Amino acid sequence: MHYLSPTTVDDAVAMLAAQTGDCRILAGGTDLLVRMKSGFAEPDAIVDIKRIEGMRDILHEDGGFRIGAGVSGAEMSENADLVAAWPGVVEAAGLIGSTQIQGRATMAGNLCNASPAADSVPAMVAANAVARIAGPNGQRDLPVAEVPTGPGKTSLAPGEFVTSIFLPARPDRSGDAYLRFIPRTEMDIAVVGCGVSVTLDENGTCTDARVALGAVAPTVILVPEAAEALIGTTLDDAVLEAVAKACSAAATPISDKRGTVEFRTHVAGVLARRATKIAKTRAGGK
Amino acid sequence: MALDSKSDLPQFKVVGTRPARPDGIDKVTGRARFGADMSAPGMLTGLILRSPHAHARIVSIDTSKAEALAGVHAVVTRKDFREITDDDFTADILDNCMAGAKALYDGHAIAAVAASSTKIAREALKLIDVTYEKLDHVTDVDEAIEDGAPVLHEGRSDETVPAGMSPNVLSRYEFGHGDPEEGLKNADHVVERTYKTEATHQGYIEPHACLAQMGPDGQGDLWVCTQGHYMVRNTCAAILGIEQGQLRVTASEIGGGFGGKTTLFLEPVALMLAKKSGRPVKMVMTRSEVLRATGPTASTSIDVKIGMTKDGKITAGFAEMRYQGGAYPGSPVEFGAMSAFAPYDLEHVKTIGWDIVTNRPKAAAYRAPGAPMAAFAVESAIDELARHFGLDPLEVRLKNAAREGTKASYGPTYPAIGLEATLRTAKDHPHWSAPLGENQGRGVACGFWFNFGGDTCVTLNITPDGTVTVSEGNPDIGGSRASMSMMAAEELGIPYEKVRTIVADTGSLGQNEVTDGSRVTFAVGLATIEAARAAKREMCKRAAMIWGIDEEAVEWVDGAAQPAGPNAGKFPPMTLAEIAETASNTGGPIAGHHEANPEGAGVSFATHMCDVEVDPDTGAAKILRYTVFQDAGKAIHPAYVEGQFQGGAAQGIGWALNEEYIYGDDGILQNAGFLDYRVPVASDLPMIDAVILEIPNPGHPYGVRGVGETSIVPPLAAVANAVSAAAGVRMTDLPMSPPKLLAALHAKG
Amino acid sequence: MVQVKIWGSLAAFADDQSQVEIEAKNLRELLDGLAAAYPAMRPQLDRGVSVSIDGRIYNDSWFTPIREDSEVVLLARLKGG
Amino acid sequence: MTKVHVTTTINGDPTEFLCEPDETLLDVLRDRLGMTGSKEGCGTGDCGACSVTLNGRLVCSCLVLGAEAEGQEIGTIEGMAQGENLHVLQKKFIEHAALQCGICTPGLLVAAKSLLEKNPDPTEEETRYWLAGNLCRCTGYDKIIRAVMDAAKEMREAA
């Protein structure tokens, strides 16, 4: 096998195009190396994208943030502007694994690993984040929600890879939050995850909302019914109950070693209620 | 401690202090060499092919393609080992290390290769063609004894098993006295429940590893992480048909064992690969292999019936316990049956234990093997009875506590024991009276372990410059070298820093029992003290020669020989260093030995107290506060005694809350990694308060009891009682993982 | 003669007695005496037992003295973790 | 397969090695460079025994490729003591009996050092969460947390 370490996007695209066998992108490596260790992946080539210019950068763009595909969760949490604008997304990325993992794991990698339980993805979907994708046919932007298509599967074409994630500009009085449930306090894969983003008007009435759930379906899902329940309200307790109900109703989980259908369905609602409350507070709601 | 019993023990100078351990610097700098840290010139990598099936007949194994691969130097299957009859003690050990006729569990070793690189070895494993005939499997202990359950072995049940039972039931044990049915008639309330515990793994962070060399002359060398290198030597020699004296085994530093490194997994295979290849072979397990094919403990299903009067007197106790010990005989059910009611003074008590096999890895010992599950069942039922009557659960335990003179449920009459002291200390501790908030609960539970001695051999050498080296044969798993140095220093009357203790290889000392059963500080400590006493006698003799007086007229005081009796004061004392300096002139080197099988270890008891908060919306349980009260007999190095208490408690908390073996319907282990085999992490736990009580064991010169095992016995029940109190629903099935607890909360309504 | 308490499931191999009398001055004589008097107990004795003598547990030491009035209890052979 | 030539810095020492393209940094350290202080407890980033720093950031060396070390700075347990002077954390681990078997100790020390560099005055909770990726099965963490907090205090007082 080969280890390739391009320094430009074009080189990376060319290298990917030149590979005939199983070629994998290496960002933080916290999923890929585990798969290799377990024998689930035996790539013929690894393309390390971290030396590509811009991949380690967090840039202001159109009032939002462009986060390079090689930026780790720990690096995100050290960017004060980003934390102020998108605390939920930063927390979600910072929840992936241990301190050690957070020093390596990236949102782009978390997205392309396409686990339904990926922590950063519900937060990104709630944030309406957009992935920038490079490939043999040039560059394209795709909403994060449309990247994963099933467990371990993405809509990326052969030779394509994510170069950055764009988090849009925040209107005033906006807040987001991500909560997940795990059996321990750290180190587990989410049994259920929930990302919420809200924007309030001057009166505290919700004008925009997005709610996303992880680990309750083959991919992270957006729950429009929950958003509808929020918009136009002041997010009082009765509304939070409705959001919880909508999220439990939207959940179509499986039972596995991490949780049961009943547990995930119920806890999806619990987390939605709690995350909405945090997002509301962050948006300045009372 | 106010409650410590009076004793005529010596006033200690070194014992009871907290010096730095001798291996401390090696371990904080990364210099300490563990199992996987050794290499040898020309070394090959050994890997094992493991069964992907839970139960299958091995029809054929074709290794020819693997053998033909460049870089492969040896392939080993069961047929490379000599025939061993079923009644030989090594038969099951070998079959577990390398399957014979059948693969008995997911992960069972089928073949092994040694190659010039890990990559080639991996490739070679893929080239081994195994034809399996899949068989039905069973992994649940209760299902295994049902009619028509898949049978693992025919004809292995012993004479204690009544006719007509499933062949998966291998042994029956019964202990107790009196007539429980009669006793239950005097009860005002009876709790009758079935409790279940899932298997847990010892979870040592260091995977099994060894480095083997084996010459055509039958001489071998083995470097291995183990709790007992003498056991490794003897068992490997028996399996390979070589002489014990020809195999030298050196124990590496050991990265945790907790009972899981008291048997063999890789070692005979590594030696066989080394023999066939003529090269040193290193084998290191992956974490997945560790979880699939080593350890774990038994899973259990236990029926309990306990009666109590309204004033809290237990009138009778009965428990019937089913333990599955994996694919071979030897679950620790007899210890569950012996220990279940050991903390109580009961007129009517009976326990029945069944040893059952299933398609799971062969259970290995795990810290107080068999006792935590039994204590979970009994202590939960007692807690429920106390709550039923509105009685203080500590008072109920005090009312029924075993004391000196109590006839134990497993037979003997207790000498002085410390249970009552732990209960009284618990009751007086601020933890017991601290307020609790909403959704919080407090639980207590007691636990017991036997402790024992075993073969022990210690050599203590006096160097020419008057320092002391102690050689002992038990791997240091938690600071025991420090304890040995302390006891030698205490006995010799010299500073701790003048003594260095090493763990010697099998060529350097006589037989030593495995580091298990909380025996080391007791038995090796005793032998160290006796070896020091022998050296003191010799040094008194040397001083007597120099002074020209009878050696009986010399005594050892404060690190020096001094004339005694009629000669007192006639000569200035000769220090250890002074005597050592002239040893060549007075008869040669000075050493003390002690070889013995010290018996008479003292039993030990503990009471644990735990506060938990339950999230009613998610079923998550958080440990808020935890206190251990345990009798240590005498704490040689209190910091390491506290460490044993805290470590046992943490393992027990994991067992209670989130650790479990999860098998799919296909009999395949689903969580063979630290990601989903969930041991407690730092943020899961509070500080664990450790209260040491010292009720001396008369069987040890300094009063030592074992401390390592008792600490894992109470936590399962202490946590379950706390969770049950916080949740308002009785939890009888471990682990109390959030989905299970939430379902119980919902069922309660 | 020494009174030896035996555990419940072993009683079936000692004519259903929970306590038997054996002429023995030490542990070895006790184990030999048990095997001779109750041959059905031999498989368990071969698998191994521990013996509590006056509250202290012995695994192996043959020449541990036993007095006529000693409390002697057979136990399943102990091991640890 | 072609080996990769890597030039890097380990504990301040310029270092070169050849490794397989899919070989982890942990395997390089242990098997090629003889630096066995970093331990493999799981190989999947779940135990922290292989913790090292990569350009000052705490990582699991089992989840880094050796090839990625090109031009970077690696810090391992072997670089923690300065000559015969132990780091305060190392001293405190011994003093507090914060190790029993010692297999997790190198990783915990590297992780704790990284914590105190970022946060010289961590709370108990911050310490516990920072170290949550370092499994210890012997101690129940109590004495480890005490040792780290005590080391932090001593380092603050010395600063």
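For clarity, chains are labelled A, B, C and D in written order, and residue numbers in each chain start from 1.
As a convention for this text, a residue touches a chain if its C-beta (ideal position, glycine included) is under 8 Å from a C-beta of that chain, and two chains touch if they have at least 3 such contacts.
Computed from a predicted model, the values in this text were never measured in an experiment.
Peer 1: Taking all protein C-alpha atoms shown, work out their mean, then name the chain whose own C-alpha mean is nearest to it.
Peer 2: B
Peer 1: Roughly how far is subunit C from subunit D, going centre to centre by Cα mean, in whole Å?
Peer 2: The mean C-alpha positions of subunit C and subunit D differ by 54 Å.
Peer 1: When the C-alpha atoms of subunit A and subunit C are each averaged to a single point, how far apart are the two points in Å?
Peer 2: 67
Peer 1: Using the average of all C-alpha atoms in each chain as its centre, how far is it in Å between subunit A and subunit D?
Peer 2: 29
Peer 1: Counting in whole Å, what is the centre-to-centre distance of subunit A and subunit B, each centre being its mean C-alpha position?
Peer 2: Measuring from centre to centre gives 44 Å for this pair.
Peer 1: Using the touch definition from the top, which residues of subunit C touch two or more other chains?
Peer 2: In subunit C, no residue touches at least two other chains, as defined above.
Peer 1: In subunit A, what residues contact two or more other chains?
Peer 2: 37-38, 185-187
Peer 1: Spell out, as numbers or ranges, the residues of subunit D touching 2 or more other chains.
Peer 2: Residue numbers touching two or more other chains: 43-44, 46, 129, 131-134.
Peer 1: Taking chains as nodes and touches as edges, what kind of graph is this: line, ring, star, complete or other?
Peer 2: other
Peer 1: Which part of subunit D faces subunit B closely enough to touch in the complex?
Peer 2: Against subunit B, subunit D makes touches at 20, 30-31, 35-44, 46-47, 49, 76-78, 80-81, 86, 90, 93-97, 99-106, 109, 124-125, 127-129, 131-146.
Peer 1: Considering the complex alone, what residue numbers of subunit B touch subunit A?
Peer 2: Touch residues, subunit B against subunit A: 122, 286, 288, 617-620, 622, 657-658, 662, 670-671, 674-676, 678, 680-681, 683-684, 737-739, 742-743, 746.
Peer 1: Can you list the subunit A residues touching subunit B in their complex?
Peer 2: So the residues of subunit A touching subunit B come out as 37-39, 181, 183-189, 191, 256-260, 262-263, 266-267, 270.
Peer 1: Which residues of subunit B touch subunit D in their complex?
Peer 2: Counting only subunit B, the residues touching subunit D are 18, 20-21, 23-34, 36-37, 39, 119, 202-207, 253-258, 284, 286-287, 477-479, 637, 639-640, 642-644, 646-647, 649-651, 673-675, 679-685, 687-688, 690.
Peer 1: Of all residues in subunit B, which touch subunit C in the complex?
Peer 2: 158-160, 172-177, 202, 258-260, 262, 332, 334-335, 338, 350, 352, 365-369, 410-415, 449-455, 516-519, 597, 599-601, 699, 706, 709
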